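Step one of this worksheet: look at the structure below.
Naming follows writing order (A, B and C), and every chain is counted from residue 1.
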């Protein structure tokens, strides 16, 4: 598996949160968070439901502007407009159009998400092969099972190289073989100098810093 | 930023529209039904129909355009595409513009093509047929862009179609006024054709230039 | 400036200002009413019906003034994301709709003796009708979107789109009206208005503006309190004695 990934290592990249405070509706979910991730480092976010894991990831990807503080992405020594422009975001839904085939979907995201200077990643068919679902390439995504859809979503991470991966519950819907594939993918990405922020309930088989979210208990 | 992402987006939109519900045919069928029910409401008097025909066609086109728009951004919001587009290099304003152009090609253009045919059923004179068609060609882009604002504001709502119509129809009044005036003026000696027609073109161009900013702002805020 | 925009400060200020505002409103309204009903003469053509003007014209003025207030609050919502601007925006919409409605109803009542019919598609009246529909759309948008801060931003964008669009609508309705000019249009811009009719009108204008300000401050205050209640209810539901989030970041890397 590792030998299939022949991409050049990523240039110096950092993902920095400083004093990051995020609000969702009326609720303050993250307050004053600081961290600094560099090449090859991963951060795993854990915590009970409703403590703001998804909110934090959406904040890091730039979908949710911080109430205070900021998120910075530094790429090859240059400050990007936000970390989102350097990142692959994988949320609860994969961003595939049901009417289009897996290959068509991946081709579209390849042209949409390619970062200049990082070359092209795998072709859609290669990426699907690597994720163990080469047979779905020509099928409309609407016909696929949840696990297959998830694998098509993960294939997106391989077709357009981006240094930061922001993954929200990446293990969802994956079987044991799929989870092994994902863990191998994550390790390859880190080995190539990539950065990972993942929110998860189930453990991921990578060396990572841990961030646990939760309400501070104050006696009533 | 290269044009490649935008042409890829245009192709994706056209493909997805063609495979779901046959793209523009549903809008044209709705257009036909609206034109069909009007004579039942006001009677089959051909003189009357030919007099108000341009107005009927315009109102039918307005409703057909609007009702097809509610899924314009909602599908992308639900399947997560909208989030991913935000992480791309392409400005959301351009993405919005290309999506609207693709949508117009699939749904607006067929209405324009069908208009002269349906105009014959309303006993329109050849000049009026020409007037309606050319005014719809000039005016439907403005309707689409205004509708896109409504579609973006209601993107998170499950049943946003009715609310969207309430929000957008008042904004579409100027387009309707100048569209119907231009259409009706084509076969009348007393009213000018060029004045309303040029204002209609101006409205379309102005919405094409300005609406993507409102739509993109709405999408950013709504998809937080 | 930001100090005044703090919701808590606003609540205190509103509490102190409201009695004065309400008093001033009642006083000017009384003077204006007296002027309109007893001091001002009946019109030599329109008779007593001209007195509708003292309600109709200030309502039309407030219909537009209220929209301007909403547009200013909308900027506050979008640019500074300020919760007070959200509340002010939401509070203004129903008040503006009511003034617009009063303007339409009085216009219709005035139209019956003047035009012989309850409604005429006169350019001015039609534009106000469109404004009324836009108000209703904004209220519908507020009521439909669950999350109040998201609703505020949607309404703000629509309000600002309306600011650009309203002059275009006005222009196109005027144009449309000259195209379909009905025979018996009553024109307001006849002879200049007599001073004895002008000053009650101006006083009524001031009284309506004060009335709007009072209602708006009260309504904004209610909206802020409603949000606080809602937040407390949510916290109670979550069983949180205190809603401060916390996080713990490990300094070292843990092996898998």
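The rule is short, and it goes like this: contacts are C-beta pairs under 8 Å (C-beta built on N, C-alpha and C of every residue); 3 or more make two chains touch, one makes a residue touch a chain.
Predicted model, so just to flag it, every value in this text is computed and none were measured.
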Chain at the geometric heart of the assembly (C-alpha centres): B
Greatest separation from chain C - chain, by CA centre: A
Centre-to-centre distance between chain C and chain B (centres being mean Cα positions), rounded to whole Å: 31
Gap in Å, rounded to a whole number, between the CA centres of chain C and chain A: 46
Centroid distance [mean C-alpha coordinates] between chain B and chain A, Å: 37
Multi-partner residues of chain C (each touching 2 or more other chains): 150
Residues of chain B whose C-beta touches two or more other chains: 224
List of chain A residues in touch with chain B within their complex: 58, 61-65, 84-85, 87-89, 91-100, 104, 107-109, 111-113, 115-116, 140
Parts of chain C lying in touch with chain B, wherever the complex brings them together: 78, 130, 133-134, 136-137, 140-141, 144-145, 150, 153-154, 157-158, 160-162, 164-165, 168-169, 171-173, 175-176, 179
Contacting residues of chain C [partner chain A, same complex]: 147-150, 227, 230-231, 234, 238, 240-256
Contact set on chain B toward chain C in their complex: 149, 153-154, 156-157, 160, 163, 166-167, 169-171, 173-174, 177-178, 181, 191, 199, 203, 210, 214, 217-218, 221-222, 224
Interface residues, chain B side, partner chain A - complex: 4-5, 8-9, 11-12, 15-16, 19-20, 75, 78-81, 83-90, 223-224
